[in-house]
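Each of the next two complexes has chain A plus one other chain: chain B in the first, chain C in the second.
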Partner chain A sequence: MNAWKKHLGIVLPLLTVTALALWPVVTDNPANRESVFTILKAVALASSLNILLGYTGYVSFGHIVFYGFGGYVGIYLLTEKGWSLGEALLAGGVASGLLALLLGSAILRLRGAYFALATIGVNEAMRAFINNFELFGGPTGITLKFSVYKEYGGAAQALQTAFYIGAGLALLALILSYMVRSSKFGLGLLAIRENEDAAEVMGVVTPRAKTWAYVLSAIIPGMVGVLFFFKNGNVEPHDAFPLHSSIELLVMVMLGGQGTVFGPILGAFAYQGMRGYLVTSPVFKDIQLSVSGVLLLVIVLFIPAGAIGWLRHRIPPLRRLLA
Partner chain B sequence: MTILLSVQGVSKRFGGLQALTNVTFDLPQGQILGLIGPNGAGKTTLFNAINGVFPPEEGRILFREKDVTRAKPYEHAHLGMARTHQIVQPLNDLTVRENVMVGACFGHEQHPLTHAAKIADEVLEFVGLAAKAEQLAGSLNVTQKKRLEMARALAARPYLLLLDEVLAGLNPSEIDGMIQTILKIREKGITIIMIEHLMKAVMNVSDRIIVLDYGQQIAEGSPEEIAKNEKVIEAYLGDPKLAEQLLEEE
Partner chain C sequence: MKRSSTILTIVLILGLLLAGCGGNPPTEKPPEPAAPTQVESSVPAQEQPTTPPQPKEVTVVIGFTSSLTGAQEVSSKRQVNGLNLWMQQVNDAGGIKLSDGTVVKFKAVTYDDESNKERVQELYTRLITEDKADFLISPYSSGLTAAASIIAEQNGKIMITAGAAEDDAYKTGNTSLFQLYTPGSQYLLSTVDMLKTLDPSAKIAIVHENDKFSTAVVEGLKPYLAEQGFEVVLEEGYASDTTDFGPIINKIVDSGATVLLGGGHYPDGSTFARQLYERKAGLKFISLLVAPADSKFPELGEAALGIATSSQWELSATHTPEEAAALGKEFYGPTGQEFAVAYETMTGDKPTYHVAGGYTAGLILQKAIEEADSVDPEEVRTALEAMDIFTFWGGVKFDISTEAHGLQVGHDMVVAQWQKNEVGELKRLVIWPADVATIQPLYPIPSP
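Then we have the complex of A and B:
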């Protein structure tokens, strides 16, 4: 009972995402499945970004680089080396984790706006590099051979499988996020977010903690990249490193509540819902990104803690439930 | 008597400003060392040099016989040094208890979370903040934030505690309370260096006092010796003879 109470904070996130994932299965509707997949993908990416943005306080404008890079590595291994989807997913995660380890030791010395700018630079540099990297197909990218899907019972069945894996990755991201949040390592990250110099004086080994936070925030995006491009059938530089997606992820985390486990779920759900409405609305369809820009501005100005942060602040008894 | 901290010929320069010149002293275990001097004398800079925030250009710092001159602040913390800040640095969006747990988790003894929570509660009781444990640190007033700084440092269970003006801005009854707390800390066997402007307090609690002026160590000794030292009076009050001379000329 006590252990159950202690970990109340993870219950609501897991239940919400499980319910979300079961909805298209129960209704047996492929259209629902696709929209839910988009939300699950956003949940996995936003929850991962939250480890860096929400817990550690480092704003990354280029987090999508891990999604693109992991995706490329996985799809390459899948098509050219004949690896299975499972192996490719792991490889994509490992590749992105290693990239973060390498980048982190270089750019995590920077703070605030300088770090944010560096992350944009990294994303653009990676896109330019992949564009000219013949092994990964240069500007045309890599296209999956249709025969790859045969192993997974044909294209239709492969889509279904990809959906389940997507749900699994979203749940994994939540569990990782919660484990970080409730660990000693996580307390060190929160201390860095609040005051890096004070944290260092109190004994937090800040360079190491920040690098690990960066690595942990990169692994699942790498896996999600592999899964998405597997489902998509091809990967191109343009689709793998979209800067605007990085910004959309920031909006989701900020909207739902940075630094909370449940916030990114709410943010991903709300933002994808809004986006779905905007891109189909005749008035907003061309300016949907401006709407998210305005939204970000409004959040930062009026509710910087996001929806969950605001609720936690207003209604203290909810703190236990909304970790 | 074991020497806990040995500062040997430490000099620090910021651009054209010589902030510390050849500061040298030994600190035996269990003592309270008072560090006084006019504003800008280099007191906080000396703290920053001792705990690795701004390593000195010249000289050596030995802590428990280890050379820590170039070590990072977190390495100092792991070795058993803890400090408070003159300008309080609370982790605003964390609770008071979590603030103190950071000290216990990552400082000298590196406790796991559950144990750190227990230590935090003990230390909060000791500094008189137990009732505020669940509040966010940002919601405390200045006095409470100063106590929180002290609690975080104590939770690490350090050998050496650096207190940077913990009495500044407190009212007389709060000052008495804080002095009692400092004396109780010494009873636990923790060595203390305290920077303080409030003479009454520093004279009462210190075993020894060092006076800094323009980065130079102008005097060192027991509180009685310091009170009579002409150089010290001059640094604080200007030239005492000048006043006499002016009176005679009248």
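Then we have the complex of A and C:
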């Protein structure tokens, strides 16, 4: 019973995402399935970014690089080497983790604005590299043959399978996020966020902790990339490394509450819902990113801890529930 | 102050939750704000209780997304204009009459995809399941079409593509796509044929946008240039958002190239042409993709003079019933002049090949329904597979092999060039093939 109470903070996020994932199944509506997939994808990516941004306090403007790189590696192995989707997903995650390990060793020595700028540079450099990397198809990218889907029961079944895997990845991202937050390692990350020098004095090996946080935040985006491009049937450089998506992820995390497990879910749900409205609204469709920017400004000014952070601060009994 | 900020924060949080619930997903029925743009035909109401019995009327829903914003905006909007003109004409003419007396009319349902692949599958699923689209038109671009084609295939919906030239999308094993455009790999072959007669010793620089379409065009071009004995002295790709072509132009000049082939889309192509003029690159011939085919291109002024493009269709060299008769093929639909007059009346603008493509996408669907004498998707698919006709657009015939199902094999490109007429106005005129050319090529193009 005590163990149950101790981990109450993961219950609400898991129930929320499970309910979201079951919605298209209950309604048996493919349009709902596609809409929910977009939200689940955002939940998985935002929760992963939260490990670095929320717990460690490092702002990454180029986190989408792991999504693109992992996606490319997985789709290449799937189409050219005949790997199964499961193997390709794992390979995409591992590839992104390794990339984060290499990059983290170098750029996590930077702090603040310098780190943020470096992450933008990494994303753009990777896009330029892939654009000229013939093995991955250069500018034309990689297109999947329809025969790939036959192994999964045809295109219709493959999309359904992709949805369930997407839900699984979103849940995995939440569990990983929660495990990090409730661990001693996570405590070290929170100490880094509050004061890196003080954390070091207190015994946190900050370079190693930051690098592992970076690696953990990169694995699931790599897997999500494989899944998304498998579902879409092709991958091209400009789709794989969209810088604006990194900014949208930041908005989602800050909107819901950085450093909390439930915050990125709320942020992803609210932002994708709002975006769905904005892009079809005759008034806002041309300025939807500007609206996102204004929203970010308002959050930073009035609720820097995000919606969940504010609720936790104002209503202490909710702290156990809203981890 | 503290109290007011608390109230503001509560309002913000409630707003977030409402935003999440009030947008697109997840709903069993589409919410009102996300309602699509419905281009209703000018069809009289079907159910008038007082009117006498009329033939059964069927409204066929055509679903598509278009890029109302983003890099493809200009071309995509023109394509949609063409499709809307066709729909208006066929509905105003009373629709298609089938042998059993059924009258078929059309209605379009469309969303803005913002050229964003993330949304294409979501929107096409919505078009099929919520909006009950019977037939689909592709998004504008090969990448978006590849994503949409999976949804079309899984739902057995026919998708006519009018802006997805790149070949790969048709070699995935799908059976739902039917391509209207000449495939990307053949875009510049007519231009090479022309150069062979004009200047067989020309030195070629290939400079192109580093994107899916332009690279596919270049991949088709290179072996053909080698086959025709041309020397390629430079091959260079540039990023889609390039605005400073200075270093690339220096490379072109240093390479000793006399002819430039390449480009990409409208924004980069028009900038490239302007800077080539300003930097006095001294090339004898320049052919760029897409941008010079647009009616906005002469806004560049003197920089547009002499710039050529491969065009899917030109009014001055529109295909005719006589041409079809000579080939022993049926000519279907209006003549090019009739189409152009109707379009100018509707929009006040002259039609480009993107407009003609949008119009013809509807026209061949109309023809397939007539041939099938039904709106049943399988019967229409069979009619499309058997299609071998001529329209003002040119030949329309599809590859029906399993390797490249739906790839266009009946349509040829023309080469057009911006030249000045007697009164000094810039006009885009057809210079190749010789049998349809309206003027001699301007070769070499005059130095600035």
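Heads up, the rule we're going with is that the second predicted complex is superposed on the first by the 323 of 323 C-alpha atoms of A that agree within 3 Å, B and C clash if a C-alpha of one lies under 4 Å from a C-alpha of the other, contacts with A are read in each partner's own complex, and residues count from 1 in each chain.
One rule holds in what follows: a contact is a pair of C-beta atoms (placed from the backbone, for glycine too) under 8 Å apart; a residue touches a chain by one contact, two chains touch by 3 or more.
Note that the structure is a prediction, hence the values are computed from the model and not measured.
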| item | value |
| --- | --- |
| Touched partner set for A:Asp239, first chain B, second chain C, both or neither | second |
| First (chain B), second (chain C), both or neither touched by A:Ala156 | second |
| Partner chain(s) touched by A:Met202 [first = chain B, second = chain C, both, neither] | first |
| Partner chain in contact with A:Glu87 - chain B first, chain C second, else both or neither | neither |
| Partner chain in contact with A:Leu144 - chain B first, chain C second, else both or neither | second |
| Between chain B and chain C, more extensive residue contact with chain A | C |
| Touched partner set for A:Ala191, first chain B, second chain C, both or neither | first |
| Contacts of A:Ser183 with chain B and chain C, given as first, second, both or neither | first |
| Interface residues, chain C side, partner chain A - complex | 5-6, 8-9, 12-13, 16-17, 19-28, 30, 33-36, 68-69, 111-112, 114, 117-122, 125-126, 128-130, 143, 146-147, 149-151, 153-155, 166, 168-169, 171-174, 210-212, 214-216, 219, 237, 239-240 |
| Of all residues in chain B, those that touch chain A in their complex | 51, 53, 72-74, 77-78, 82-83, 85, 89-94, 98, 101-103, 105-108, 110, 112-113, 116, 152, 156 |
| Of all residues in chain A, those that touch chain C in their complex | 20, 23-24, 27, 29-39, 128, 131-132, 138-141, 143-147, 149, 154-156, 159, 228, 231-234, 236-239, 255-256, 266-267, 269-277, 279-281, 285-286, 298-299, 302-303, 307, 310-311, 314 |
| Chain B-touching residues of chain A, taken from the complex the two chains share | 183-184, 187-188, 190-191, 193-195, 197-206, 259 |
